[in-house]
Amino acid sequence: MDAQAIIARRVAQELRSGDLVNLGIGIPTLVANYVPAGLKVFFQSENGLIGTGPIPEQGMAHPLLTDAGGRPISALPGASTFDSAMSFGLIRGGHVDVTVLGGLQVDAHGHLANWMIPGKMVPGMGGAMDLVSGAKRVIVAMQHAAKGKSKIVAKCTLPLTSARPVNLVVTDMAVIAFADGTATLVETAPGVSVGEVVAVTEADLIIPNAVPEMQI
Amino acid sequence: MDAQAIIARRVAQELRSGDLVNLGIGIPTLVANYVPAGLKVFFQSENGLIGTGPIPEQGMAHPLLTDAGGRPISALPGASTFDSAMSFGLIRGGHVDVTVLGGLQVDAHGHLANWMIPGKMVPGMGGAMDLVSGAKRVIVAMQHAAKGKSKIVAKCTLPLTSARPVNLVVTDMAVIAFADGTATLVETAPGVSVGEVVAVTEADLIIPNAVPEMQI
Amino acid sequence: MRAVSVEEAVAMIPHGASIMVGGFMGVGTPERLLDEVVRQNKTDLEVISNDAAVPGKGVGKLFDATLVSRLTATHIGLNPKAQQQMLAKQVAIDLVPQGTFVERIRAGGCGLGGVLTPTGVGTLVAEGKRQIEVAGTTFLLETALRAKFALVHAFLADYLGNLTYALTARNFNPIMAMAADTVIVTAEHIVPVGVIAPDHVVTPAPLVDYLITNG
Amino acid sequence: MRAVSVEEAVAMIPHGASIMVGGFMGVGTPERLLDEVVRQNKTDLEVISNDAAVPGKGVGKLFDATLVSRLTATHIGLNPKAQQQMLAKQVAIDLVPQGTFVERIRAGGCGLGGVLTPTGVGTLVAEGKRQIEVAGTTFLLETALRAKFALVHAFLADYLGNLTYALTARNFNPIMAMAADTVIVTAEHIVPVGVIAPDHVVTPAPLVDYLITNG
């Protein structure tokens, strides 16, 4: 299984029936592919839709029905559309149960940096700051390391997305939970040892006696 | 012509084609009866409707279509309905061109008191404070005096509705305009002399050389 | 969303709970929920509602049964019982300008701490409130308002909980449906999924916790 | 509301004007108005728009023609020309979180001085802003945003100016339609009064100043 599939499959396990879920661009988008058939989850697209469905069949796309990147999507029966004030009222107001975002860095306190590399990448924060500040549960889906450097750091060196810590980080190597300013190793990826995770992780991790392997 | 008809007819002359107009309860409600047939005015009911029409025919009323007092109304073709946040967004945001309200007192500066008589009448301000603070133009429609006492006073003794002065007061005796903290007698009612208005008015009035009579 | 009976839904509301009730002079108020609140005799309620309606109708029923300990509203002038209970100090009443009332609830539902409004500056309403100047204009800081329960009346609800409202019965309902921990809805008609077009949904399904079954 | 040609409408916009433009990545953007802005070569525009779209589409066309002097937006990452013009300091760019962006515009349209949001507290976004504590929580004070013109794209407009929007093309359009001195609208379809049911109107007619005639 490739790294992205590991991450997306594991994140999908965090979703509960009835949840309103917002998926960011990149790996988070893949999570929708791994939601069990019986689970009724509402996906929000922050440009104004609840009930996003898969990419439409050839010739069935509508130019006025897109995701936040402007790509054609479909809407499931029971979908609803609304303006951006409502969309971010839902996000900031805690009505989104789970948001899944990509990350550049997450630090030991659970602080996320994912919107800016000063002097290099200044695209704007879009909806990320509101999502991290407002969603009930924030999950970061990202590679554990980039170019051999841990993305789970002692302290973020990049500008923060929010002062509010994330709840969970799911990587291709581990699941790490954040609470009360600490990071706990919750699971390891298949074939990855606790020692390997610790070796590649810059942040201090609390290691419980038993760390199960992801069941994906 | 009775006092109420004089006031309502004269206020109706202040409306312009395309205006969005909010009429308060009492004399202001009567203004709708005197709008010239050719004039296209939108009437707002602050409980969530633009395009209020006359009281429906017997048996045609709908329990979910009422004015702000809960009485059945009708809606004209081209009407729109909305929630209370939108309704007061329209009011506070300056999208209502004219609001016509009743008054207990208006003082020489144009300050209106119309929502409370301490120890006696404490019904709540409803939408009045937002209407006076937010509408582009505020017109007070009221009797000039009550029980022989001028309702146009030197300084309001009753709690103010807003710090923002009203633009015009129309009574059964006169039309008075307010600007820059002063009150100017603009018109007199048919058969009422300038002297009579001045005699019955507590507030100081600026009296132009020529004060025309209402053309109603 | 879970479909429940009106008895089951109201049984969840404890005495002393804060409840937002939709409606404007009883129009768009979930009457069946209020009838059941009266039947189950829920006391000491902190009610947030635009007005006190009139005796026998809407929120007026709660005053008839003296179930209200506190009311946040914009106008109570048409309900003599609410006025009497206020004057007798049986009910604490907070009177709020209507535009401020709805913005405070909207702020509560949208995760805002409050809003700056010009309404009430220089009046009794300003007493005890922070005044904040922006670009030379003075505004009142009005803070967010939330409740434990929102009792909402819709026109159509689908099986998922998507809601529409009819005419002037919309009023505060969709705003309150965002501003409470638990949202309980009655609907004039419950319809299959897909009957309501996505563009016509006013309250999206995930906001609704309980839908009262009909008939 | 007055029905006018697209040439007539754009001729009213002076060089250097502040314009809000509806749309999200070019979806729901009034393309005909932007094409005409480019044709009439309106320069030094202060644009308020969610994003810079992509070259050749939506607001992207204004960057192709280097007509923008200032952009207030939430994201410009998919338009390399906007990024280049920002880095070359040809365009001043204010980046705002998307929820804050829409609330600032809504405040401007609804007569509020601003809102208190938790978004951005403890980040670069907080720099230079007032922080206000309410009940122990810190919020940023974000102030109202308005423009001289709003360029809005609707799905249906009736002869009076009532508007509806389609699917995800609604986005910022109805909010911006409240927050500008002059509101100019294009619609995919112009229909007789009564075709749009009152409960389906999203932008009531009195908010619209000019409707661009079709075909």
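A, B, C and D are the chain letters, set down in written order, and residue numbers restart from 1 in every chain.
Everything below uses one rule, namely that a residue touches a chain if its C-beta (ideal position, glycine included) is under 8 Å from a C-beta of that chain, and two chains touch if they have at least 3 such contacts.
Note that the structure is a prediction, hence the values are computed from the model and not measured.
J.: With contacts defined as at the top, give the pair, B-D or A-D, that has more of them.
T.: The greater number of contacts lies at A-D.
J.: Can you check how far apart chain A and chain C are, centre to centre, with Cα atoms defining each centre and the answer in Å?
T.: Roughly 34 Å separates the two chain centres.
J.: Starting from the mean Cα coordinates of chain A and chain B, work out the distance between those two points in Å.
T.: Centres of chain A and chain B (C-alpha means) sit 55 Å apart.
J.: What whole-Å value do you get for the distance between chain A and chain D if each is reduced to the mean of its CA atoms?
T.: 29
J.: Note the residues in chain A that touch 2 or more other chains, in rising order.
T.: Residues 49, 75, 81-82, 85, 88, 91-92, 133-134.
J.: Can you pull out the residues of chain C that are in contact with at least two other chains?
T.: 103, 106, 110-112, 117-118, 165-167, 170, 198-199
J.: Which of the chains are touching one another, listed as pairs?
T.: Every pair of chains in contact is listed here: A-C, A-D, B-C, B-D, C-D.
J.: Would you mind writing out the residues of chain B in touch with chain D in their complex?
T.: My answer: residues 18, 20, 42, 49-51, 75, 77-82, 85, 88-95, 97, 133-134.
J.: How about chain C: which of its residues touch chain D in the complex?
T.: Interface residues on chain C, with respect to chain D: 103, 107, 110-118, 130, 132, 134-135, 137, 139, 141, 143-144, 164-167, 170, 198-200.
J.: Of all residues in chain D, which touch chain B in the complex?
T.: Listed in rising order, the residues are 1, 106, 109-112, 158-160, 162, 178, 193-194, 198-199, 201, 204-207.
J.: What does chain D use to touch chain A in their complex?
T.: Residues in contact with chain A: 24-28, 50-51, 53-54, 73-78, 83, 86, 95, 97-100, 102-103, 106, 117-125, 155, 165-175, 202.
J.: Using the touch definition from the top, list the residues of chain B that touch chain C in their complex.
T.: On the chain B side, the touching residues are 45-49, 62-66, 68-70, 75, 81-85, 87-88, 91-92, 116, 121-130, 133-134, 159-164.
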